[in-house]
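So that you can tell them apart, the chains are marked A, B, C, D, E, F, G and H in the order they are listed, and the count of residues begins at 1 in each.
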Amino acid sequence: MVETQEVIKYPLDDYLRTERLPHIWCPGCGIGMALQALLWSIKELHEQGVIDRKKVCFFTGIGCTARASGFVKFDAIHALHGRAIPVATGAKLGNPSLIPIVFSGDGDIAAIGGNHLLHAARRNFDILVVMINNMTYALTGGQLAPTTPTGVRSTTTPRGNPENVMDTTKFVASLRPNFVARYSVTQPTILRTVFKKALPKRGFRFIEVMSTCTEIFGRHTGFRDPYELYSRLKKICKIKKISSIDEIKYDWENEITCGTFIDKDDPSFLDMYFKMYKPRGMVYGES
Amino acid sequence: MVETQEVIKYPLDDYLRTERLPHIWCPGCGIGMALQALLWSIKELHEQGVIDRKKVCFFTGIGCTARASGFVKFDAIHALHGRAIPVATGAKLGNPSLIPIVFSGDGDIAAIGGNHLLHAARRNFDILVVMINNMTYALTGGQLAPTTPTGVRSTTTPRGNPENVMDTTKFVASLRPNFVARYSVTQPTILRTVFKKALPKRGFRFIEVMSTCTEIFGRHTGFRDPYELYSRLKKICKIKKISSIDEIKYDWENEITCGTFIDKDDPSFLDMYFKMYKPRGMVYGES
Amino acid sequence: MEKARKYQIIIAGRGGQGILLAGHILGKTLVKKGYYVVHSETYSAETRGGDSRSDLIVTIGEEPDLIRIRKADIAVFMFDEQMERYAKWVKDDATVILDSTYIDKPTKNWSKIISIPFSKLAEEKVRNRRVANMVMLGSLSVITGLFEVGLLKEVVAESVKPEWRDVNLKAIDVGFEAAKEMGLG
Amino acid sequence: MEKARKYQIIIAGRGGQGILLAGHILGKTLVKKGYYVVHSETYSAETRGGDSRSDLIVTIGEEPDLIRIRKADIAVFMFDEQMERYAKWVKDDATVILDSTYIDKPTKNWSKIISIPFSKLAEEKVRNRRVANMVMLGSLSVITGLFEVGLLKEVVAESVKPEWRDVNLKAIDVGFEAAKEMGLG
Amino acid sequence: MRVEFISGNEASAEGAMTAGLKVYVGYPITPSSDLFEYLSEKLPERGGIVFQGEDEIASINALVGAALAGAKAMTATSGPGLSLMAEGIGLACMVEAPLVIVDVMRAGPSTGIATHVGQGDIMQSRWLSHGPYNLVAFAPFSAQEAFDYTVKAFNVAVRLRLPVILLSDATIAHTRERVVIKESGEIEVEDFKRPTVPPEKYRFYDPDPRDLVPPMAFLGEGYYIHAESLSHDERGYYDTRPSVYRRLVERLVKKVERNKKSIVASKSYYTDDAEILFVAFGSVARSTLALVRDLREQGIKAGLFRPISIWPLDDEKLIEASKRAKKVVVVELNQGQLVEVIEDALWHHQRYDVEVLSLPMILSETPSPDEILDEINSKGWKLW
Amino acid sequence: MRVEFISGNEASAEGAMTAGLKVYVGYPITPSSDLFEYLSEKLPERGGIVFQGEDEIASINALVGAALAGAKAMTATSGPGLSLMAEGIGLACMVEAPLVIVDVMRAGPSTGIATHVGQGDIMQSRWLSHGPYNLVAFAPFSAQEAFDYTVKAFNVAVRLRLPVILLSDATIAHTRERVVIKESGEIEVEDFKRPTVPPEKYRFYDPDPRDLVPPMAFLGEGYYIHAESLSHDERGYYDTRPSVYRRLVERLVKKVERNKKSIVASKSYYTDDAEILFVAFGSVARSTLALVRDLREQGIKAGLFRPISIWPLDDEKLIEASKRAKKVVVVELNQGQLVEVIEDALWHHQRYDVEVLSLPMILSETPSPDEILDEINSKGWKLW
Amino acid sequence: MFDIVVIGERCKECGMCINVCPKKILERGEKTNSRGFYVTYSPKPEECVGCRLCEYVCPDFALFIRPSSSPTYILVQR
Amino acid sequence: MFDIVVIGERCKECGMCINVCPKKILERGEKTNSRGFYVTYSPKPEECVGCRLCEYVCPDFALFIRPSSSPTYILVQR
């Protein structure tokens, strides 16, 4: 054993606002795992010269997940609850050379922000959205999310959730954007590869990341230890090849189907706009 | 020929605020045709004792279509642009014996109101939503709607719509509510039957009605005469049995697939809520 | 404060009758003549039906402050409902021009009333009731003498879409001729 | 205005240490004793970490107007960061109680300072660091003499979920004993 | 009647249940969520429904529907949520839907500090929606008042057919105190004002000339009501005529003025001979009251006027309270909002003789009496 | 420089293009849609992008993104849309995003009358968002001013890093007039205030002590900026300490006051010897000016003060204009909103000697001078 | 056999009924209503087969078909 | 062979790394950091197979694995 004051850098330190660490997330919280995978993918793409990290911008709403914008060393806007997607949209319009990443929670993206998600996906607008799905409103203390499994208790449904649950990935897929995938923090290396795949693409890209909220969702579902919850999630998150999107499942008791469900290269919104409207003196990408 | 001052009543006059007719819709506008079919279905259900017309309430947003609430002789709320669904939701919560009908435009329901549509459908909440899709923002003069076919001109996309178009029916179907159908004003008798089918059901029911905006959409697409536009719509609105929702098309050039795509009787939101929360002294329906 | 010459013009009718376009074209024409013009619009939400009204304030030599007319010197009513609604905005000694297709008799006893069936003329002579507004402008040139019909046609030619140009110009001619025939020049 | 007897109590620590629950339980206990109590909370958005603070104003015989304490007569600090932040809210002659698990030395020279390793005791004797708050309340009963430990246990028993009851009551005993052993009674 | 040791939020929830709450629709937001959570536990047993909307826009619009269906309806939120409700609150005013909105004020602007107190929504609560309208807002200063004024908020809402805002703040919301809880019968609970004519004669917007409020039929009763967000006549029919528009909107605005006497509330402390009159509300009024007591002990003739109804202000009581005052000091947790309301009232009563001093404290904590005093001292005002 | 016969909306669009508009995001709403439509035709040729959002919430939030990416950004809307932007405008204030919002006022409240004029958003434009903040609003009274003050709105927005509202109204918006259009160079066009230090030293919220405005780096330039809607320090890092919160929010509020001189605008007519001072803005000011001219012809010493900047008010010019006035009559198309601003200004300048008369006209049309006169006469005031 | 009933004041002359009638027995009338629209007319009501297509497409609640022993075109003036 | 590097101040004692390590060579240490968390420790770094599972699951950017010729557990105090 060596104890050292020597500056041994964590491999991602250049991509973190290290002065703000430790971050606010609870012990064992899955958000940090997802963020780690994302930062690795950016680091690799940057080092390979595929993207310029200076152009990468984080856009987050409000929530535990959304706090990520405060810990990463990129341009970042910590905006309003539910509004990360329109802010990212505007930024991309303002400077089409930016590489916007929306990184936010399930409540933020799929509940209050649902309409922005819907229309950004439908337009195939040129942003990457990473939705960390911990199946609850964590920051505010565990209220019902649209993603909370039916029957599970939340602080606003103390006798269990009476609502039909939302499969965000299936719904986004119905809008046919360029990239739709769902994975889990229990699949860290795959996650990294998927981020790497999606990030340099044009058009709308959606990645749902199943995550562990150890503090709140764990408590509501009776998992006391972060690892217990993680193991449970690992068990049900099954990667599958599917023939129709109808087949994917979002079922906390048995299976949450993971995989890349759409990966295509249709013209994006900005491709179309630039083609039809030719804004004077502007170009959109080289390709 | 007989000219008469005698009070010969139009068969639906009891269901209309006749003192407000003629209504504001332009000559040949499809909204009136859709409304006629809907009123017939209510009349028949009422006369058959299936529903009590006193319990039927119309909820509309803002738009040409939304003006319907002012012409029907039912309880009606002409609310805000995009918000007819939440208002109807609240009314149903306030008095579960009501039979709410949301009747509004594509911009209203699918653009600004998209998030309410999404979550009401996802929750399988007990209302009927009729969306009149005239493929434009008609009342405000012909701006782009999410349903405007790609390439078609609108006043805000003067060189054609660069956006990928929204197939609202497909998207709602991905949320698995109890009833999802799309038909056209060019199929008036079928429409009547479908309304009759959907109205007494529990849970969320969505019916998209393809319609003709003769004044604006007709102008933008070069159809001068109401009947020309109607004929064009008739040609492309094809009723089909499908095996997967993926197959349906929303393509102004070739085919807008019509049909009843989901018809099931899963427990509705209120069924579930009443079962789990048993609000004291309240019942929900007899069944 | 010295008073410059000033005309207050109101054009009113139902939505769909092209009232706003008529006002716009008239305004543009008068600006080309070198007058100061303020042209304001009132309309209902409905694309068709409902009220539609153009106010024009035309001054020669001094910039106008008013937006809405106070009382019209020249009034054009294309439909009776609006005539009734807006009659109070018209001076007793105004020149009042009515589309007799839709107006049987004037609401008030204005001193100078001219009835021409603009819509009918449009329908019959141009086969398009929508250009009644242009028929009216053609007549207005004769009646008021404020602008030449040639200038009007120039403005119309550059303002409307190419496919609509001919029918509009035709309509202006129809109105011009009608007024001339009635000896209103 | 005659002054009634009044205690101002502050309990502060990090989020997750159960500061708010401690304040709530203490308040309920004191209300049961017949005192007027105002209990207010401050916390950060974070579920864990960040500040957490309970203020209690306890009066005997008169309803309090204040919500926040002015200066505490009794202060409990469960973590050093918060001690440093809130030291200014404590009277110089206050009774100050510190969780020595996380606090090495007091920020100020208060006249009466009592250090007990609440978190360590909870960890070691109850196998659950989260009940350090209850250990603290057990000790507080001894140190302040404001309420009986039996009454405290009654309140806890009716306030927390059944599955948590025993561990909490155990923790109270641990705190009570520790204080007794230190001769603080 | 029972006594509980509960927070302001819990007291509001209890007040709503006493008033007959039937539908709660909410969206979580700190520091209001625990009110929502409390009702989620308790309301179904009391015969009501609790529903979580997809956002605050859904909440406020659902309340309009619920209210017109005849249910007493409420939501609770905080600044960001209130901002999202701006359009819906205007709708409630226009269609005359009685409902209650609890705004638990936190430190703003924007996301600000979710867990910390603020008093920055005073002007917003009155002016957040577009166009001319009017509404009512109460600001409680204790858990007991949170209970009492939630009941009153419902009473005023149904009596006037309009939205009423309860301007609570994070400190009041989360402070636990002794609260005496009463049931309907022990405390006045008003019911909706109901039609007195048969459906054929009934018009949804036909006001009682005395109070300018139209009696209210519910959805589903066969009155065939038409609620209209556009300018409308007494039947609810869209009408663009300036005269109809004017009749409607003037009534909507004057409704509050006309019924002002039965709405306004305030409390004055030591004002009989007060030369320095403090004005404060909500949690800040607690500290200010303590400060006033300190000053009195030092022989300084200080007093406190505490408005409870903010919109409309109890201006007559203010004038009375300020009758001997030479200086009026308005203490608030924002950049100076209430002070404008106070100045306006004094101006309208021609009280040009008093000097109004604004003490805006842009703080994220309820200041202690000493902090208020420090702030005053830092201004260099010669008050005593 | 060129002369056009265009409407107020078109003039605003032209003004925005002169000011360097790069991103327009809008959602259609009468009576603002034609501005959107005009830009849809013209902006791409001028090197900008026009985008239709799914609603007004998307629009305002997209503007924040565009602005921080370094694009001059604008939207146009009317009351209902402005209400929906309440939260986003607060965000723009908090993150200090410079942008311009054109609010074409129509008859409200709620849906009201979409095609008719109103002036009911005065107070709303200042107070629609929660918490303490500040912003700027201009109200043009002609198509020419719509052009000029759109340019100025952009200048102030980038100079102060905040949202600026152009309070137009349906009458101004749709009235066609002669407008002199200038290009950048012919009229002052300001650019964003840019960093003067290298990225390592740069902090996104580090204000220039003179004007309290932090220079602005853009997204994508390598400054690694962090824009934060929570309470934050100079780096943008979340901080809940009252001292940090206070420093931030006080600066946000005072930024406007500090730079007031370069913002305020107004125009006075016949005020040198005016005993009756009218105050009016926007389209109503046109009729009021005509009325004043009528009165002058009758030998009555009437004058007009016309505020152009409403927030902040040009109070010094108001005081000067009212120096001989015994009565001030405030004419506006609402229930009386501007009058409160005027009273407040007079109170602060101790002008207790003037009587302020409020002439609120809840009308859905711009009144003619005669209608204003009738309204005055109906009040029974003895003005002349 | 059927009556063809038209509520004159409601007709907007859109021509939909005329276009859809399989028997081609409807036409633009010669009378205008108070809004200036030429109200639909049928010179040959006796040829009507009662398919009601005209009724279904009328957006204005202006025209309907009813069984009748003496088929008539009825114009309701109201 | 690998070094196991832990940034002590970042560790939150969540135990994820300990649980996922296939070699079971990580454990809760005996030292707390300034926040009171017992920092992860490895008594047997030489048995590490470099699978990096521990690194991937660490939500706190607190632990990483690096190739090394002299496998060591390194606690960075910072």
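By definition in this document, a residue touches a chain if its C-beta (ideal position, glycine included) is under 8 Å from a C-beta of that chain, and two chains touch if they have at least 3 such contacts.
Not measured: the values here are computed from a predicted model.
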| task | Kindly list the shared contact partners of chain E and chain H, in label order. | result | A, D
| task | Considering only C-beta pairs in contact, identify the chain pair with the most of them. | result | E-F
| If you average the CA atoms of chain A and of chain C, how many Å lie between those two points? | 60
| Rounded Å distance, chain B centre to chain F centre (Cα mean) | 39
| note | Here the gap between chain E and chain G, centre to centre from mean Cα coordinates and rounded to Å, is 58
| message | I need the residues of chain G touching at least two other chains; which ones are they? | response | 35
| note | Going by residue number, chain E touches two or more other chains at 30, 50, 54-55, 80, 87, 91, 95, 110-111, 113, 115-116, 229-230, 240, 365
| Shared-contact residues (touching 2 or more other chains) in chain C | 44-45, 49-50
| note | The answer for chain C against chain G in the complex is residues 49, 79, 101-102, 119
| task | Provide the residue numbers of chain F that touch chain B in the complex, in ascending order. | result | 26-30, 33, 36-37, 40-41, 50, 52, 54-56, 80, 110-111
| request: Give every residue of chain D touching chain E within the complex, in rising order. | output: 1, 24, 27-28, 31, 36-45, 65-70
| message | If we count contacts the way the header does, which residues on chain G are in touch with chain C in the complex? | response | 35-36
| remark: Note: in the complex, chain A contacts chain B through residues 111-112, 114-115, 118-119, 122-124, 146, 150, 159-160, 162-167, 170-171, 173-176, 244-246, 266, 269, 272-273, 275-277
